[in-house]
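Next come two complexes, and both contain subunit A; in the first it sits with subunit B, in the second with subunit C.
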Partner chain A sequence: MNRSAPPSPSQQPVKSDIALSVRNLRTEFHTGEGIFPAVRDVSFDIRRGCQLGIVGESGSGKSALALSILGLVRPPGRIVAGEVRLNGKNLRAMDEASLSRVRGKEMSLIFQDPMTALDPVKTVGTQIMECILHHNRGMSRRNARKRAARLLDDVEIPNAAQRLDSYPHQFSGGMRQRVMIAIAIANEPDLIVADEPTTALDVTTQAQILDVFERLVRSSGTTVILITHNLGIVAEFCDEVHVMYAGRIVESASTKEIFRLPGHPYTESLLKSVPRPEEARRGRLFSVAGFPPSLARLPPGCSFEPRCFAGRGLPQCRSEPPGAIWAGKKESRRLVECHLANQRLEEALAE
Partner chain B sequence: MIHAICSRLLGSLVAVFGASIIAFLFLRVLPGNPARLVVGPLASEEALQAQMQRMGLHLSLPEQYWRYMSDFILGDWGFSYGAGQPVLVQFGNRLPASIELGFYSFLFAFLFAVILALVATYRRRPVVDATVRAISVFGMGMPPFWLALILLVVFNEALGIFPGPGLRLSRSIEPPPEITGFITFDALVAGDFRAFANAFHYLFLPAVALGMLPFGYLVRLLRANLLDITNEPFILVVRSKGIGPWRTFTRHALPNAFIPTLTASGMIFAQLLGGSVLVEKVFNWPGIGSLVVDSILRKDFAVVQAFIIVSAVIYVLVNAVVDMLYGVIDPRIRN
Partner chain C sequence: MKGKGNSTQPVISPDSGTAPERLIGIESLVKEFSVGKNAFGRKQATLRAVDNVSLEMNCGESFGLVGESGCGKTTIARCLMRLEKPSSGRIMFRNTDVSALRGKELRRFRRHMQMVFQDPHASLDSRMTASQIVGEPLAIHGIGSRAERKERVEEILTLVGIDPLHGNRKPHGFSGGQAQRIALARALILNPDMLVLDEPVSALDVSIQAQVLNFLQEIQERFSLTYLFIVHDLVVAEYFCDRIAVLYLGAVVEMAESRALFHNPLHPYTVSLVSAVPVPDPESRGRGRRIVLSGEVSPAGMRTEGCRFRARCPIGRNREMCKASSPELVEKSPGHWVACHFPGELEHIGSQAAARPAAS
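Moving on to the complex of A and B:
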């Protein structure tokens, strides 16, 4: 995890330790009501095989970031600046034809709502085979079908070979999400971007799907970006966490550290808003005060300042946008975008 | 499945039955004695009675209906006194011309609607989209007979590249042996491509005139459906598999966009098959629409009666086909 290091051109052809490198990525939505920068100059690297969680409230730019990585932002949104390097190749410099050889092959997407993520008029088998055949020119349909059946078997769908001829509406939500995973891993990609993969499912199904997913990506060493607002899933599944707020990554640290010692006041508020049984019984659920700011009219200083319990009203927080700084010592060192980060971490460690 | 087909069939029969009763009663409630229309105002009372006997008008209404329907099913559709021909013979001459014209109008409307809807939504260029929408409104707002006149004036009178009204095939070309009465079809069966091209040439202008309104409507419908579908998450998922935008559009968006368009297309098709009065009049097309109008003006009600039943049958058949097509293109309905 090194956000401040400049991208070195020499790392380009080498299959280095870094699977994905994002630099100054900016995605804006141009609408009649103004320009909404959903992703604001975001930079980060992901180590190969790392499972990175991106958390944040609705509207914090998580999904826009996911789609920007895949280059699938749709109008009125568009990527206006930045670099996305997958295995050293700059995806932003590629044309649509080259990108279509990378998508589905080197990186793939798992979408939030399994109910609407599959084409309702095509069989599940056709939809898996489409992905296989597109990237394996010359493969026979017979072989593609065999491989599709094996994939359904991998995601633990019973009677895989027969189920290939079923249509999405004949599957439950959980089963459809398994199909989605099968499509995502069809060509053994290096990177899977999973955008809220279990949000639409009930809790038991969520756990099963995550187990299947985790087993598959751990065994193949696939790099994963898991986008979620569920901190429980992050704690269970992710090695590292990025916290997103108003289009910026405001804190990045290892999962263990972020849960032990949140560095950004927003992270701390998020953690506090996870319901605990004893508080829930007393009818007191913590929530982050206020609402996320409109992206079209961000505060001049820190975008979290109006809601921040630590820095609200402080002159520096109000007027000066905080850059990413290294805060904390030794193992608890992490990148935080907060003027008060060092001071707060020291106080917390002293206790 | 069997159950669904049976209940469908029953529903269709009820619809045709209802139409036949309306057609039958229509003739009885109109003022004036149909027999008098036949024999003329100067005929004697005995002649009138004899004609009423011949037409079965002395029987009770249910008996008359029974007789009319059984004759109809057996192929005796009555006699057109105005034209001096059995109604069935008249229909045999006129109906194929209308069905053929209706078929090509629909073909024109549907093909161009699909193409323009694709053009309007594929790249999401506002200018292109606005142009397509303008064309669609133009198509829907233009009265077909007026468009027919303009087409004739421009392409026949001024430019001379399309034949004028009155014929389905040039007199200099030998008509293909009649099998169905659809000249283009018969020509293809006979392998006579010259006759096919010629008949198509004659069909072109009236088909465009008749198809413009349904074309405008279908463009609008398809464009809206395509926009809806392309915003669905599954389109994004298809793209994330590496499938290019064009293939995603034609293989995934289009089939899904067709589903809600099917019912409307069926209704339009059925309506086009039933002939059009004004366009047939302008092109002097020997179709069923102009025959029915002439018959109404001549009070030749046997023709009108048969027409009502025939168009009911066409609607019912087309709707049955539409239902079957739903099963083909939408797996959610199949089960």
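Moving on to the complex of A and C:
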């Protein structure tokens, strides 16, 4: 319950600094048209309390990565290799029953479209209470209801106690997403995975939801993985960023550094293709040439090489897949999968 | 930078000193829908989706309509296309009153104006091939022989950057960006004067969005097209449009050249919209620049007395004047129109505003 206090040594093993650790995770989709490796041997750690953004184009594997972490990959997809450790426990070794005790309790998920995630024939209160009671055996319904009302109040839904008896369709899109957040934080999880939580909303509603969400997770120290294609949201909300391309994390760095000095040509292309308020019209936007490669037929070298403004046609980029290397100095140091990263960062810093 | 003529209608010509040629004139447009019928099918309430909107669009201009969902931007576009019949008001296309057209004349008019929707995979018929989709308007309007049509389809597909050899594929065989190009090819094949673009890039990834926006600019210059651009992303609107009108509950609350609107918003609603846009710059974070509005848009039917924005307004909520009367749309500076009793009072404290000279 009380997460601001340090965990007492007598109860549980002391929680390490790392909330989530992913090692060599590989998820493939086996279809009639071939094998699509949506997540290709991905490894990373997330610090406790960190708000991590995962960005990339559609088809880059960011949602598949999220589902893999939560153990929610469904056929034709399956996790073929790797480890996912939450608070040191290997989720991949668990059976479905133990996993469902972890899901909703230690980690939870917020989807893009609350209407598909919420049950239309149950009241909002019932759904929040189900989530509380499922993970707190022995709690009375009365207390669960009280707690549900407090959660709705936390996500700033007016007249929370009365609104418990409303059905999802009686809420607006923004209000439904608040309910989703209430359910996600109901059992004070250590990790929340939010998959495009505000994409379907208007900017003003989006701003409200992000404000509420940020206040709640920052005050409780919850670790967050935010999946989005909106670089503006990443800049405002996240501490660190992973950029995904063709199933790999091609760059990971602090938000500040990645925006100041993108290390991977793909990151740079993404940042440059966003229209900015200051930009004069009639100057063409930068756009990445071509389309993302099919995961079933990836180029032999760097998967971004055919579209890369820096490395297209270079023999090394064409033939050798780049591994993750540390590039940059001091505070601008980050992991990049690019043969040219060090050279490019040095040039950029020299300017 | 600002327009020359100080006429009664909001007209700016950003590029030249000569008076621009008017293509579209929307005059006091009202569109009401009846909602909620009782057991006998009798109407119980009307919802005023568009409330007395007047706009002008000039030839070759990109005009943006911005606002939250339910503010009436799509309804205005649908009235313009004559997919809806206006309840009152006039829509002039050059010198024709579109709202009065019927039958054959209406069909002939529709050749001049085409619409492109948000999600190409939803708006294109999934059972037709790309060539059939693109060629269908020619068949409907009975233009050319079969061979001529085929040639024209191939020509237009090449223009939008789709290999005509892929013309026999169905829409789902194309990516989102490619499918949107097919939708554009279909819209362009009749040589229209105007395209109504309803959130044409909202469903696309940023990299593809950039490709489509660039392409839209190219064909606009090439065919001197006029665009009505419906968008909820203010940054895209500012980047792409010459002028922007901000709608709230079916009415224009502010209208200006896009730079002026973005850098010097006068209506508190516009200020909050501008401040709510997530800026891709972590350095500007945490300066309290965001003005979060309380509540959400109330249904347009539930109008009360006074200013329509009053319930959510950070400055006017408790003011007598805002309660008593609905502010008119007036021209505060040349080309910059606003409907607010206290324009400019709520300032946008953000990166843009900080960099902007106070006198601008």
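The rule is short, and it goes like this: the second predicted complex is superposed on the first by the 332 of 351 C-alpha atoms of A that agree within 3 Å, B and C clash if a C-alpha of one lies under 4 Å from a C-alpha of the other, contacts with A are read in each partner's own complex, and residues count from 1 in each chain.
Just so we're on the same page, a residue touches a chain if its C-beta (ideal position, glycine included) is under 8 Å from a C-beta of that chain, and two chains touch if they have at least 3 such contacts.
No experiment lies behind these values; they were computed from the predicted model shown.
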After lining up the shared chain so the two structures overlap, which partner does A:Glu57 touch, if you call subunit B first and subunit C second: first, second, both or neither?
-> second
Which superposed partner A:Arg297 touches (first subunit B, second subunit C, both, neither) | neither
Could you look at A:Lys330 and tell me whether it touches subunit B, subunit C, both or neither (first, second, both, neither)?
-> neither
Would you sort A:His169 into first (subunit B), second (subunit C), both or neither based on which partner it touches?
-> first
Which holds for A:His134: it touches subunit B only (first), subunit C only (second), both, or neither?
-> first
Can A:Val121 be said to touch subunit B (first), subunit C (second), both, or neither?
-> first
Contacts of A:Arg142 with subunit B and subunit C, given as first, second, both or neither = neither
Overlap of subunit B and subunit C contacts on subunit A, residues none
Name, in rising order, each residue of subunit A that touches subunit B in their complex.
-> 67, 70, 72, 74-75, 96-97, 100-105, 108-109, 111-113, 116-123, 127, 130-131, 134-135, 167, 169-170, 180, 183, 186
Where on subunit C does subunit A make contact in their complex?
-> 68-69, 175-178, 205-211, 213-214, 217, 232-236, 238-242, 258, 262-263, 272-273, 275-283, 285, 290, 292-293, 296, 352
Give every residue of subunit B touching subunit A within the complex, in rising order.
-> 124, 232-234, 236-245, 252, 255-256, 259, 329-332, 335
Contacting residues of subunit A [partner subunit C, same complex] = 57-58, 172, 174-175, 202-208, 210-211, 229-237, 255-256, 259, 269-271, 273-279, 281-282, 284-288, 291
